[in-house]
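You will see chain A twice below: alongside chain B first, and alongside chain C after that.
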Partner chain A sequence: MFKQKLLIGLALAVSLVFAGTAYAQTLKIGLKSEPSSMDPHYHNLTPNNMMALYVFDRLILQDSKQNLKPGLAVSWKNVDDLTWEFKLRSGVKWHDGSDFTADDVAFTIGRAPNVPNSPSSLGRYIKQVTGVEVVDALTIRMKTAKPFPLMPTYMSTFGIISKKTGSGATTADYNSGKAMNGTGPFKSVEWVPGDRIVYKRNENYWGNKPEWSDIIVKPLSNNSSRVAALLAGDVDMIDFVPTADIETLKKNDKVSISQTVSNRVIYLHIDTARDKSPFVTDINGKPMDKNPLKDLRVRKAISKAINRKGIVEKVMEGVAIPAGQLLPDGFFAISPNLKVEPYDPEGAKALLKEAGWGDGFGLTIQGPNNRYVNDAKIVQAIAQMLTRIGIKTKVDTMPKNVFFPRGSKLEFSLMLVGWGAGSGEPSSPLGSLLHTYDKSKGFGSSNRGRFSNAELDAALEEALATVDRKKHGDLLIKATEIGINNLGIIPLHFQVNTWATRKGLKYDARTDEQTLAVGVKTAN
Partner chain B sequence: MQSGLVLLVMSLLVFVGVFAIGNPVDILINPDADQAEIERAIKALGLDKPMWEQYWIFLVNALQGDLGRSFVFNIPALQLIWQRMPATLELAAFAMFLAIFMGLPLGMIAGLKPGSWIGRTIMTGSILGFSLPTFWVGLMMILLFAVYLGWLPASGRGETVDLFGVPVSFLTLNGLSHLLLPAINLALFKLSLTIRLARAGTREAMLMDYVKFAKAKGLSNARVILVHVFKNIMIPVVTVLGLELGNVIAFSVVTETIFAWPGMGKLIIDSINVLDRPVIVAYLLMTVTMFIVINLVVDVIYSLLDPRVRLGDLKS
Partner chain C sequence: MTVGVEIIKEETLLRRFISDFAQSKIAVAGLCTIVVIILIAIFAPLLSSQNPYDLGQLDIMDGRLPPGEVGGAGFTFWLGSDDQGRDMLSGIFYGLRTSLGVGAMSAFIALFIGSSFGLLAAYFGGRVDSIIMRIVDIQLSFPAVLVALVLLAILGKGVDKIIIALVAVQWAYYARTVRGTALVERSKEYMEAARCLALNHKRIVFRHLLPNCMPPLIVVVTVQVAHAISLEATLSFLGIGLPVTEPSLGLLIANGFEYMLSGKYWISFFPGIALLVTIVSINLVGDQLRDVMNPRLQK
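Showing the complex of A and B:
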């Protein structure tokens, strides 16, 4: 009797050991930010869009360098200037076992822009679609009012949901898991807000099957805690490794680092529009009726006064790349003519003198202190550099929840901001930051310096209506060159995205800052 | 009546304060959004109306028990807070438990033997507990126990089991191991406070006539200390710890952030970061209510501990 019990106990112990090896296929990820919902269309913001990708495929996917690749659509083309046709992948099953068809795509197009109470909707990427035509079960056509070259890019921004499950489903149904029926590489298991998100591998996935049978995502917003959790083995991988810790982690033989340049440019926005700018003073700090920032030579002087290499090496600890335009090399429509402005304080002083500001003037630079990597320190460094050429610069940093509303109300003269091009091409920063502020056309919504140049506007608008890819790209390059040469913004550097994993894992580092479990592999 | 007024003033202050900081849509929206989309979002969240009207709508709904929906999560603010409350209450209760059951004996020992090495060691320890900043101690504890020694996990809540429908983690080993570090971190300050209060109370009580009388009566030392002294030092301890309990529940922000503990403290700090006004207002209103209730409970415990309070009530 006793022996029998012992045997059973032994068997149990053995099965536990095997359970242990299966457990090794679990990937635990510690992330800086947490999504506000599981609904793929509720909140159009990176943490939400990223987590949605685990469960919901898109028509078109972006690879780790943001090049478009087939997703649920295997091919796409212009039937005519105003019609895009998408051929859909056959044999794709929803997690509940039903077939994926064009009706699901049409249903998604109708739902995604219209989620009730959405604080940021996907309408931006869908409103160009004036009509949807389901040709057959695996072919769908989308009509536009104008030629629309960005259609494939925009179709890579939102997840496709099932018509069957999605009909009548609310955001709450997605949060509870009831409506979480996708075609993606992982099935949703549970979401405990603030604590964890759990996924299971979709064994019937149409694409490359991920290595991990189970995924646990933990929100770890504090930088030091996130690093500690990795070192303690609580998680296998973390995103947004603080720059100060990267060198130490590189020396740690239990940790690997994966890095790539980001699509996020850090830049200065300048009040180029008003004659009287709120934070421009004379050299003695008295308010002034003239705004020297309107003068291109003064802006040029500011750009020359900034030691980008110094900022990258000293402030960013080498984890950034000096910038001369809106997106780093390797992206679509990069100008070959734009170079990083060299550090030239003497040239800057000469330019100031030429512009009639040889005695200098006073200025305040504003920036956030909890939004971008080392943001407040960069602002301080720039203020010192500007003061050195005679522009007496004060520093004012604030939390992002104060900074952005004030910036949008045009309360600043010179500010540090960042822009991540989610679309992976320059029309997004051109349209939002450099095109003339134009409410009716929907341009310039983040143009906080109100830069305005008719030539740039024309080039960009033409580009956005040119379907020919080569011509489209050339026009974007032209618009970029006008904007940068006129210093509508002053680019500083591109961030470098850094992930840390436990030794033995490798992450296919993404330019768009997203952490996707499908990109994590065991390195052999 | 008074409490109602406090709540009203509180809600108005927070409302105006958050309104003055700025428009949450500027932070919540995707930077890619155009002006039409920004306007749509402002309208969807009801932020297009003038401030007084927004406040009026809030008041009318609040009287019906609806404190508004979170801008970020689109979930009723109260429901959001209830979701996170068990985690915080558990952490707070465990921390207070540590503080009281370690603090009282240590404080009494220090009070009984003030000059001895043990008494001095305890007092020095309590000074450290007072003066070291919580976030630093927390990080050092993670570094020591999680990273170097690997005994305990660095963050998160771990396994939970449902107790009367509420998820708790102290009943599983895994959950308990997650709970230990944050609870100690949170308890450290209260522990030091309890030690000091207990020590001061003990020293004072030992000189009192009733202690001398009890000793003269021939009662054992243990009975004198555990019954007579103990009861008398409890009054200041209960008062202060009562209020501290409120603090631990409502503002354990630092500990919860460092240990990624999914409680209310983390919720409020995240909500402030994105100006999620309904959650901020609901949270602070709830906090005020909680403090009012705690004060009431403390008063009741007083009268249980000290017969004089009850007599005083009768006379007046």
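Showing the complex of A and C:
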């Protein structure tokens, strides 16, 4: 009798141990934002692109510091100035067991820019490809009309889908899981919008196999509940740890923190183009026919009035780096000449006086309140600082779905925005934020201040057509220096991305803010 | 007519009312607290060491100082400062001003609109009554916060907008209360007499009917002022309603909410206490008023 009980006890203990290890292989992730679709090409949005990476590989992958590394393509080179050749990885299988070939790549290039009803298409990364030539099953060539040095970077931005499964598949088929056939490290199990996304490991993955057999991703948009879920053990890991909680979590011995600087610059965009700007008033709040923001000295005064160190210390709780240009040190094409503008309120006042605005004027600063880390608080802090040098500043913050469309309709005079360089080099912010607005060429799409400088345009366009990497970089630096010295935008700081995991896990923190399960390891 | 008799009668009524009210010590304490809070609200600019609504006077470098710390400008933050360097004590004084102002304003406007409709419904009866009361029913079937949220989403931010939203969700309570009382009063003899004298409607309604509906209304007003204040705080807490640079109590609490886990309790705690004390005092007074004015509870 006793023996029997012992046996049962033993069996229970053993099963518990196994249950324990099985549990450890499931990784539960709590994320701030949820994707709008599972379709890898539907919406060019960080959460979408990131979740797509779980299931769909790319020709070229980006490591955690956004350096390019081979993905489905093992090598790539210029055959001539207008042709790029990609050698594809052999032996790669789709989740359904069929072989991966160059036809799938050609099919993807045809589909990705043309998804119906796409709110923001990936086409901008593909439109330079004028022709695709499948040389053999594992070689593909892409033609461009002009030399195109950024081709490898652009090929690292969208997932490759299977021709067999993808033919005729709609966005709804991806959302339901029917078309979720990739080559990536995880297979899609289900997506319940607002509740969870479930993956299981792809046992035939060509690369390093992830440690986790099952992944459950939960959207937890509220900052406090995300932290609470981690502390309660409901999730193993969270992204975007609120700055107010980082100190406390660091002291908590059940939690580890992973941090790295982000490719996202937080900046002010200024109406530099119009003579009459909607939110510029005289000092008494009456509308004005003059726009002082057109004057470089006034912009310079605004930049000097901002205490970037103060914002980083007090608003960001030290979890940011003051910015003097478009990307932080360590990225490609960083200007050695551009420095963070020091805080100098007296100099700012003098400049305003020199520009003829010694008595000040009125202004409203707009910003989102749910997009960037502490966005609404930064806006208020800046309003304080501008008010102190005599620019009477009002604050208006709003949800991102209201803010961005209004900003793009040029309804604002001064606004707080952020830009993450998904490509990891400055041509993306230069082209979108500072190049003269030109819809036909695809430049200035987010140039909400309509800054325009012919020299900058020329330097950037030349850089984009220069294959020589050194020359390409020098031209980008030149364009950056023109844009920043003329204060087309006023850079404030670079965000620092922070993840928290339960003790015993380590995350290879990424500059592009993405939370990828392959980067989560058990610490030894 | 003997005017003197009337005065004596009124005096005794008032005296009786006061002595009835004073029977509850707690209610008297509540009343005193309300008076103090109202005085604070009125004289906030004189009592505060900083104008928390003037961005030029705030300094981000004074942000999140604990209670008792001295800031860069030289004055002491007795209750600490919030993330923008706003003195919590000054913030609470100004916040009370906004909260009480918004609460009282909206309650009185709603009182005016609501009781007018309630009197109309009761006095004319029939179709007018059923139309007005069906609107009231529909209005009351939605949660107040929901209606206010929708309205503010449409109207935008600002003190005037939040008053409109609060009036819109509150008038129905008054309309219903007044109608109930007025229906009872309408069938009384003095009303019949007034009608027989062929007085015009306006005079009957406002000189004869309304004054006799006042007792329950006064009670409802007190309760609704408290309700309006907490509703305003709720809306501000949710980040709609008042501009972020002019925080009322709700927004002050919301500002400190995210620092709760990190131990910076004072940003939410003190405005929360201020809100609690205000609402509890108003409700204590309201409760006692109800007891005093309800003939059935009279000893």
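General remarks:
One rule holds in what follows: the second predicted complex is superposed on the first by the 505 of 524 C-alpha atoms of A that agree within 3 Å, B and C clash if a C-alpha of one lies under 4 Å from a C-alpha of the other, contacts with A are read in each partner's own complex, and residues count from 1 in each chain.
Following the convention adopted for this analysis, a contact is a pair of C-beta atoms (placed from the backbone, for glycine too) under 8 Å apart; a residue touches a chain by one contact, two chains touch by 3 or more.
Model, not experiment: these values are computed from the prediction.
Once the two complexes are overlaid through chain A, chain B and chain C fit side by side, free of any clash as defined at the top of the document. When the two complexes are overlaid, the chain among chain B and chain C that reaches more residues of chain A is B. With both structures placed on the common chain, the touch criterion links A:T171 to chain B but leaves chain C unconnected. When both complexes are overlaid on chain A, the residue A:T248 reaches chain C alone and has no touch with chain B. By the touch criterion stated above, A:S224 is placed in contact with chain B and with chain C alike.
Contacts of A:T393 after superposition on the shared chain: chain C is touched, whereas chain B is not. By the document's definition of touching, of the two partners only chain C reaches A:K377; chain B does not. Of the two partner chains, chain B is the only one that A:S36 touches; chain C does not reach it. In the superposed model, A:V280 makes contact with neither chain B nor chain C. Looking at the shared chain after the overlay, A:L352 reaches neither chain B nor chain C.
Nearest C-alpha atoms belonging to chain B and chain C sit 6 Å apart in the superposition, given in whole angstrom.
Note: residues 224 of chain A belong to the chain B contact set and to the chain C contact set alike, using the contact criterion stated above.
Across the complex, chain C is touched by residues 223-224, 227, 242, 244-245, 247-248, 307, 310-311, 314-315, 369, 376-377, 380-381, 383-385, 387-388, 393-397 of chain A.
Chain C makes touch with chain A in their complex at residues 54-56, 58-61, 63-64, 83-85, 157, 239, 243-245, 257-264. On the side of chain A, the complex with chain B involves touching residues 36-37, 42-45, 116-121, 123-124, 171-172, 175, 192-196, 218-222, 224-225, 228-229, 231-234, 370, 399-402, 404-409, 419-420, 422-423, 428, 432, 439, 442-443, 445-446. By the touch rule above, chain B contacts chain A in their complex via residues 21-38, 40-41, 44-45, 69, 71-75, 83-84, 87, 139, 142-143, 146-147, 150, 153-157, 257-260, 262-263, 266-267, 270, 272-275.
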